[in-house]
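Here come two complexes built around chain A, the first alongside chain B, the second alongside chain C.
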Partner chain A sequence: MRRPAFGETGIYWMLVMPALLMLIGFYLFPLVRVLWVSVMEPTPGLGNYALLFTNSSIHRVLLTTLRICLLTTAITLLLGYVVAYVMAQASERTQRWMMLGILLPLWISVLVRAFAWVTLLRRQGIINNSLMGMGVIDDPLPLIWNELGITIGMVHYMLPFAVLPLLTGMRGIDRRCLAAARGLGASRMQSFMRVFLPLSLPGVVGASILVFIFSLGFLVTPAILGGGRTLMIAEYISVQILDVVQWGVGTMLATTLIVFIFALLGLLARVVDMRRLFGAT
Partner chain B sequence: MDRIQSFAEDQAEILADEYRAGRVSRRQMLAGLGALGLAAVAPGAARAQARPEVVVVNFGGEAVPAFREAFQQPFVAGGGRMVIDGSGPSNGKIKTMVQARNVTWDIADSGVAGTGELGPLGLLEEIDYSIVDRAKVDPAFTYKFGVANYMFSTVMAWDTRKVTGKPTLADFFDIQKFPGRRMLRRSNQGMLELALLADGVPADQLYPLDMERAFKKLATIKQHLLFWNSGAESQSLLRDGEVVMGLLWNTRANLLKRDGGGRMDYTYNQGLLQPGLWVVPKGNPAGKEAFRAIASMQAPEGQVKLLASMGNGPANPQAASLVPAELKAVNPSDPANVAVQAKISAEWYEKNGAAALQRFLDFISA
Partner chain C sequence: MDGAPTASRPVRGLAWAIICFLLLPIAVVFPVSLTDKRYLSLPEDNLSLQHFANLFSSPEWLSSIGQSFVIACAATVLTVIVGTLCAIGCWRIGSKLADFVRVLMLVPIIVPTIVYALGIYRLWVDLRLLDSYLGLIIAHSVTGIPYVVIIVSTALAHFDARLEQAARNLGANLRQRLWLVILPGILPAVVSSAIFAFIHSWDELVLALFLASRAVFTLPRRIWDGINEQLDPTMAAVAVLLIVVTMVLLGAEMWLRSRRTA
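On to the complex of A and B.
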């Protein structure tokens, strides 16, 4: 039998070629230009990158971003794990309803959700008013205009991105392992801690990195729920590009962020099967 | 809103809200939007085909169809050609266009932060004052790279349930006297100036701004501060009782007072008068026709209509005599209101604007 002229993989390459060319033209090329601007403006060299080490306001923005994103990731994972765990045990019917509850907020604009939280959390908002009406508190609780408000808003946004990969992971766990553990005399707690939890860890790592990476790009929620007092890296970049037109600094930060994200994704790829995480199999 | 809103962006939003609430008619809205852009058509414009198309860019929304209906059509009837673009002329977008040598805008709605950042980089055309009439603008607001289109102010507003009498800017910084949170814009423009005025710097000696002193003054009430990004946010923070006093644009302060049933008040005393500026991107396609369009917008009649519908002050001093008596009090460029305000210095912003914004953002997020 004759082999095809390009070899078997050659044909596959030709099939993906149009998509690949588009990626290079519309994605890779602009990215390279961003990198280019970051070393060419205002003067050629690595001056912009030196700011990463010398500029105290960039330090502060990076630290704030890191702190909020780590906190958001931790809380989201904890809550998401519980939801995914319950979902994995629930009946088909309940699962469908829960899934709807998780997916519905995804279709609501991030701006609308931020303002909805303002309505709930502000001094004369629904929560404070009802608590004061019941006599539980005398003065309104400071639920908003601080990092608490930001974290609430961000966790709410991120939950689906944690639940979905966690659920995929949990569904893949062979229930017979748990049954075996119980059969060998483990308590419910022991079988969870020593069998289920370790088996679900790849999903946890994957979800953490996904949520963390998404959080890095946040700007609307922190700006609104933080009372304007919190500045995260995405907004800092936007100010550099759109307002003060210091493109060198803006593109340097964008490049740094991309490199950091690719590094995290690289780490992710070592720990979990990316195709499974994104639902390809 | 994904970034700090500009005054011009907020204007389109106010007008749309007012129209929906039925407080201005469609005709008034169109007139107002037109005055924001193009108030009058240059007379005697008969050379139809010889005139290039002028692209006017603003911050969009309802302003775009309204511009078309009210001004593109008469302009076309008068022999001119015009397109209205609502895609929002941020500094970054203008820079992109000019650097790519693909300029599609002729006239952009901007401000001192626009001329300040873009002018020195060679990204704007110089205003041609042989076509645009200097006599129709306050000389303080005619610049090399931009010319005043309308006036607005940064003013102090307060909740009269919590703040009694006629407070001054000094009271804004006195938490003991009037307890409660204060509100600033999430950008330096106007905020540093009002901090210095509160600290006793005379209005005519504001510039060059003593930044050390301004930030020191702001630091005294930092823990009590909230910051607004968009005009609508500034209005709701005061209305919802989240803050008791705030520094905000006169247009929003005016809406608060009008809709607040006596609960809200504001003053032009110790305010900062600022211009909305027309700028022309370098290498604009219509060439000198852009300046003819700007000249046509200097007609006082349209500017007064804009004041009536939205509270923007006419940039043309000759408009003062046309302003109806009941609107004089709300007009930021009314002679009586100008007398009690400081005027912004575009020259200072050209040299220090970016650094001041950077430092302001540092200050609030520290």
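On to the complex of A and C.
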């Protein structure tokens, strides 16, 4: 194929421009201003960042966020791995049905899903009412407005995001390796532990970091299922801006959050091909 | 089956149980929306459509549904146009720089919406776009671009670039090549990207929390208030409405996808 002349490429850049200008003007520029505000308000300097080390309520929020996100990631990966493992080996038809079961929740409004969990988990909710009706428990179980409720809701939200990259990774595994292991006398368990699991590890690392990153900045589900009692970082930021109007603290935490996320992504880029993970190629 | 081992029966059962964990909580809002009680519960004596009647006779809910629909349609049109053009441009340029632009377009998926919400809020204060349709439409469009770029780029990767070359050699100008050669070839992908861009805006809450307050009050914003204030079964009716809209749109998308691969 002949390389297009410069003028030709120039025309194609004109097609790119509207999106690029929108992204720069209405996305990247406001984002940079968040960083700017974090060192300029209320007074110029790194005063806001010092709070990261001195303020105990910020410490509590950061620890709660990390704890819930790590727990969510671990549970999500475990469950997601089982689903992806079965899907990767199922027949075409079964795979399609399972995929539907993964994609439908993925695209249903996060608010609807949080609402559904509220109807199930609250004190007079469906689970507590039926357990009490059957006489299994006398008092309602505290299933919601605590870390348990948040974790349930988050695992439910994150599962599809774990299954999809795991599945992509597992589909790339040459199944003849497994057949060979079985043929050489390995049990089902051995061929899984010694062959399949190691080969699927890059997908596991990719999926974990992806789920962890999405969990970190998640607002809606933790806010609804935490009921304002268990604060995670995203909700804390929104409270700083919308309720107590402390832009300095809010933007400082927002900046900390994206710096942390991009550091994790840098780590991820060393392990797996990012563009494959997002399906861009 | 090609002789490789399949998952054992208990593991398969576990996988299906997990998929039920994904689906059942969502399914539960259907019976709840038909309850005959005035509070959130499963129906006991009778099924009742009163909560749907409440929903469709409430001016607040109807106005929010209308606003969300208008905003989502406008955002979808804008996103799909700029996103598709961008994907086509990057595909034809094919240099390292174009690859970089394509990766840059994914940034809105990675940065948490709450962080972007702070930035765009400040910008809209300066530009007086707070609490306006335009403000929300632009914010939803920019954050929807990644979905369009990903989906259209994937389709273009399978599109034969020589067709476009041939059209150019035969004297077609850029507009003719776009309309008559490239677009017809990737149309199903463009339509599915429009579906995802629509769902993205229609369901979006975090930006609406910051950018909408009185004049503009989208459906997710009203649901948010409903969940935090009065948990009545009308909420379940709204949830059912949203689930049905998503299912219809996803069904359309899957139908398109099957045509695309066929």
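Here is the rule we use: the second predicted complex is superposed on the first by the 248 of 281 C-alpha atoms of A that agree within 3 Å, B and C clash if a C-alpha of one lies under 4 Å from a C-alpha of the other, contacts with A are read in each partner's own complex, and residues count from 1 in each chain.
Here, a residue touches a chain if its C-beta (ideal position, glycine included) is under 8 Å from a C-beta of that chain, and two chains touch if they have at least 3 such contacts.
This structure is a prediction, so every number in the text was calculated from the model and none was measured.
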Fit-or-clash call for chain B and chain C when the two complexes are aligned on chain A: clash
Touching partner for A:111 - first (chain B), second (chain C), both, neither: both
Which of chain B and chain C A:60 touches, first, second, both or neither: first
Chain B versus chain C as contact partner of A:224, first or second or both or neither: both
First (chain B), second (chain C), both or neither touched by A:242: both
Which superposed partner A:23 touches (first chain B, second chain C, both, neither): second
More chain A residues in contact [chain B versus chain C]: C
Which superposed partner A:87 touches (first chain B, second chain C, both, neither): second
Partner chain in contact with A:123 - chain B first, chain C second, else both or neither: first
Partner chain(s) touched by A:191 [first = chain B, second = chain C, both, neither]: second
Clashing chain B stretch [against chain C; choices 80-88, 206-214, 332-340 or 350-358]: 80-88
Common interface residues of chain A - those touching chain B in one complex and chain C in the other: 111, 124, 219-220, 224, 238, 241-242, 247
Contact set on chain A toward chain C in their complex: 1, 4, 9, 11-16, 18-20, 22-23, 26-34, 37, 79, 82-83, 85-87, 89-91, 98, 101-105, 107-120, 124-126, 129, 156, 159-160, 175-176, 178-179, 182, 188, 191, 213, 216-220, 224, 234, 237-238, 241-242, 247, 250-251, 254-255, 257-258, 261, 265, 274-275, 278-281
Interface residues, chain A side, partner chain B - complex: 56-57, 60-61, 64, 111, 122-124, 145, 219-220, 223-224, 227-231, 235-236, 238-239, 241-247
Chain A partner contacts - residues on chain B that touch it in the complex: 1-4, 90-93, 95, 113, 117-118, 121, 186, 225-229, 233, 240-242, 353-354, 357-358, 361-362, 364-366
Chain C residues touching chain A - in the complex, by the definition given at the top: 1-8, 11-12, 14-16, 18-19, 21-23, 25-26, 28-29, 32, 39-42, 81-83, 85-86, 88-90, 92-93, 95, 98, 101-123, 138-139, 141-143, 145, 149-150, 153-154, 157, 161-162, 165, 174, 196, 199, 203, 205-206, 209-210, 220, 223-224, 227-228, 231, 235-236, 239, 242-243, 246-247, 249-250
